[in-house]
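The structure follows.
As written, the chain order gives the labels A, B, C and D, with residue 1 at the start of each chain.
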Amino acid sequence: MNNKATFTLLITCPDRKGLVAGISEFLYLHGANIVHADQHQDGVLFLMRIEWEIKGFDLSLFDFRHAFGPLAAKFGMHWRIEESGSRPRMAIFVSRYDHCLVDLLYRHRSGELHCDIPLVIGNHAETQDLAAFYGIPFHLVEVEKGRKEEAEALQLQLLRHHDIDFVVLARYMQELSGEFVSEYPERIINIHHSFLPAFHGARPYHRAFERGVKLIGATAHYVTDMLDEGPIIEQDVIRVSHRDALPDLIQKGKDLEKIVLSRAVRWHLENRIIVTSGKTVVFD
Amino acid sequence: MNNKATFTLLITCPDRKGLVAGISEFLYLHGANIVHADQHQDGVLFLMRIEWEIKGFDLSLFDFRHAFGPLAAKFGMHWRIEESGSRPRMAIFVSRYDHCLVDLLYRHRSGELHCDIPLVIGNHAETQDLAAFYGIPFHLVEVEKGRKEEAEALQLQLLRHHDIDFVVLARYMQELSGEFVSEYPERIINIHHSFLPAFHGARPYHRAFERGVKLIGATAHYVTDMLDEGPIIEQDVIRVSHRDALPDLIQKGKDLEKIVLSRAVRWHLENRIIVTSGKTVVFD
Amino acid sequence: MNNKATFTLLITCPDRKGLVAGISEFLYLHGANIVHADQHQDGVLFLMRIEWEIKGFDLSLFDFRHAFGPLAAKFGMHWRIEESGSRPRMAIFVSRYDHCLVDLLYRHRSGELHCDIPLVIGNHAETQDLAAFYGIPFHLVEVEKGRKEEAEALQLQLLRHHDIDFVVLARYMQELSGEFVSEYPERIINIHHSFLPAFHGARPYHRAFERGVKLIGATAHYVTDMLDEGPIIEQDVIRVSHRDALPDLIQKGKDLEKIVLSRAVRWHLENRIIVTSGKTVVFD
Amino acid sequence: MNNKATFTLLITCPDRKGLVAGISEFLYLHGANIVHADQHQDGVLFLMRIEWEIKGFDLSLFDFRHAFGPLAAKFGMHWRIEESGSRPRMAIFVSRYDHCLVDLLYRHRSGELHCDIPLVIGNHAETQDLAAFYGIPFHLVEVEKGRKEEAEALQLQLLRHHDIDFVVLARYMQELSGEFVSEYPERIINIHHSFLPAFHGARPYHRAFERGVKLIGATAHYVTDMLDEGPIIEQDVIRVSHRDALPDLIQKGKDLEKIVLSRAVRWHLENRIIVTSGKTVVFD
């Protein structure tokens, strides 16, 4: 956590000698004062996150793209650069359960989440007053049986109209279509109320209770067109016992869901996550 | 934990008024000094674990069975009584991985596990010296392809010959047949190297690595004829990251396996576990 | 967790034979259907929490006090009985940090905390809008240097006027006087932002950072006239590393504080806590 | 974890532009294939751990020291280089409690700890057979009252004779003198059976029990001449309740101590730790 204005560069490419030397020399020659750098080699791939102060750096974001191009091409990099001052535009989808929504809105207001929230989309009206208290426009998009396509068209229109960068499903109880998901690749974050891959699909707390597990979990992941199969960003668990009836599991799980989802959203905003081979690398 | 000689009574029956009064009056009239009592109602069933000092109690184990019979019959109880001084006879099955074996043998030697270990049965010879160091007879029963039945017959013969009360599978890599399992119902404890029901079956660490989970787990459970589906006794997890390659997962998992298995064995020995509806109640 | 109307009886007394028999027979004779019972013997003391349905029980709360008196006297019990339907009246004290306040108010609104909150008392005005959103009257009682006595007099007046049963200090940054505390023995819950007894007193996160600990903690406890020395109700920790600067510790700690404090408040409300010898027994 | 032969370079110096570029260019020019790199800036200091394959690198360990000297001098670096194939020589000190000793010896035998253990020094004879089983020479150095100086002289003689690189205090119950400690700066690792700084000094479990904490802990740290004040390497905790009597705390704590100590030893062996300002940076 730091408050200086910075650029963050994320790189994925085949691992080769000279990569770090090439990148760090480039940055040095342009006056970069590095505040954080982390890299990972898995034997085949090289992944890097490097953050430096804008102050003293002699390239603008625009010029960087041109100047860095040849080096990137030489090593076959996938890369992107982000500016710490930018505020990505996040939309939140919600159904009736409001615990994740209230948690995100509070964290946003208290300055923990560096983003704008142009809108909340709910398929029920219950959470409207919460959104209103936090000054976030609420849009009710009901999803009637057999008319999901229509609802998704309206949702997409809203997202586009508001220039949304990424979507958070805060216990949104509708499954999104593959078409919808393909519009926001690696940019839809869901919270699933189990320790995936255990209890993927419906009613995970009920099934955890039936099975008699001794820990319950929650999982935040990017959404793909395979239900609950997307790259896992974060997971956590909490202990339960025979004394915990189903409502206790649900209650305990809510605290997990809030914390796990908020971590995933923060890491996404801090450009800490690279997806590779269906898994995430989360630089810390 | 206490060092007084005690009786422990475990009861399961339909929940009805007067149960606690009936049981506690019976014990009081016979002079019981209760040192620990715990009970659980789930709305339908009543489960109880109650422990009292033998000193001052006016019934022997033999007499108790007769004296308590009418009350037990009246309430339709399943029950058993155990004496703290008894030392159940535990057999350990092991393959090549010896970390759980060495952990159990050390805990036994240091007095943590109140049981006798008349034998270790291995299907490989590697762990023989460990057993020897701890003074436990080691029997090599190789399981050749297609001749498991033969091996199991020999294993059962050994277990019977040594009056074994229960079996611990300390990373024993062979699946036991339904016939074998049925000989020791709720008396075979296995350690599975995943957070069940995630990654049941073979090679769980490999699959956890492939899936990119952020926590790995271990599960101790009673063995039934359904692979990895038996009642869960204990589970725990540890955090992993993209920095952990598969060998790191395996290494971290070993510590989990040892601790989770040893807890399950200790609770079994302390008569803390009741199995009901395919789940366990573990009185703490 | 259950939704039936119940009585809960909490007992502390010297451990003696016949206690459980005496209590359970008394309850049985009056028609109690026990839904939960837990007890603890530490060798000298006997502690019990027993909960039964009001339906079918033939004594009112008023009659119980008389009928149970002789038995209680015989065994030298400290005891109290609570009715599940009663809604204790909780006051929340807060300063500028609002994360615990918003957490408690949300949990209250969502039905997790079975109590009334007649007022929030703040020594700064910042949290007023939050209280307003949740419909809770907010009282600003500024604590000027050298005039704490005056402020406490006003606070006490407010508490009495609103028939407050217990007080929660939700990161209230003022130390309460011994006189104030003595008005609400075992009825003021504080959240301290460290793993007590480590870093008691001021600026615990700063000191944790200086010391280089690898885990930070939070502790909920009853307030006594010894600063940070009261009986501990609940504690939890979270991992930190050299990558976490002081603001990261503070951020991570907030999530701990919220969860630890909310557990303590819930257990207090569910009459799960008995204080004995400066420690708590928390029946689960 | 990897099995290639590597060099690891650890650097601490004032943070300045061009550091990473300078270091990575140096390594690149000499043919280094980097397998792991991690760095940390805290605003003033720059710390780095970088590991590369020996294969293909054109400098020997001896030549490296000369070739790297000018760059190191230019940036004012404290640095050291280690070879993965080297096996540091570890001595273990132990008293009567043998759980940490057996854990370390087993991990050593199973290949988890890449070091040699030329000797165990005990001030009691109890652990001799364990050392013998694992093939490690055991030396009994009794510490008689008032004659600690004499004992330490003998211990130091043994350490020097066996070319010991670092010492692990595996629940060694004697306090070492400042003179002794100064011989092995940042090369003596102790396990303290509490969550430091809580309960530093004697009988931590007793004091944790008295205080009524809800979690107990263990702390591995480098020993300095200030008792229990040295740089913390690792800590962990486990939950306890009112049901846990003092012997239960001690039992639960043993598992913590083993795991926390073994992690610290492994990280020390893997050259992951840099001490700075009385704290550790542990590169993961």
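Following the convention adopted for this analysis, a residue touches a chain if its C-beta (ideal position, glycine included) is under 8 Å from a C-beta of that chain, and two chains touch if they have at least 3 such contacts.
The shown structure was predicted, so the numbers you read here are calculated from the model rather than taken from an experiment.
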item: Homomeric contact subunit C-subunit D: same or different residue positions, threshold half; value: same
item: Maximum centroid distance from subunit C, chain identifier (CA atoms); value: D
item: Separation of subunit C from subunit D, taking each centre as the mean of its C-alpha atoms, in whole Å; value: 42
item: Distance between chain centroids, defined by C-alpha means - subunit B, subunit D (Å); value: 36
item: Multi-partner residues of subunit B (at least 2 other chains); value: 241, 243, 245, 284
item: Contact set on subunit C toward subunit B in their complex; value: 17-22, 24-25, 27-29, 31-39, 41, 56, 239
item: Contact set on subunit C toward subunit A in their complex; value: 1-2, 98-99, 102, 106, 110, 112, 133, 241, 243, 245, 247-248, 251, 255, 259, 284
item: Contact footprint of subunit B on subunit A as seen in their complex; value: 40, 42, 195-199, 211-215, 217, 231-237, 241-243, 245, 278-282, 284
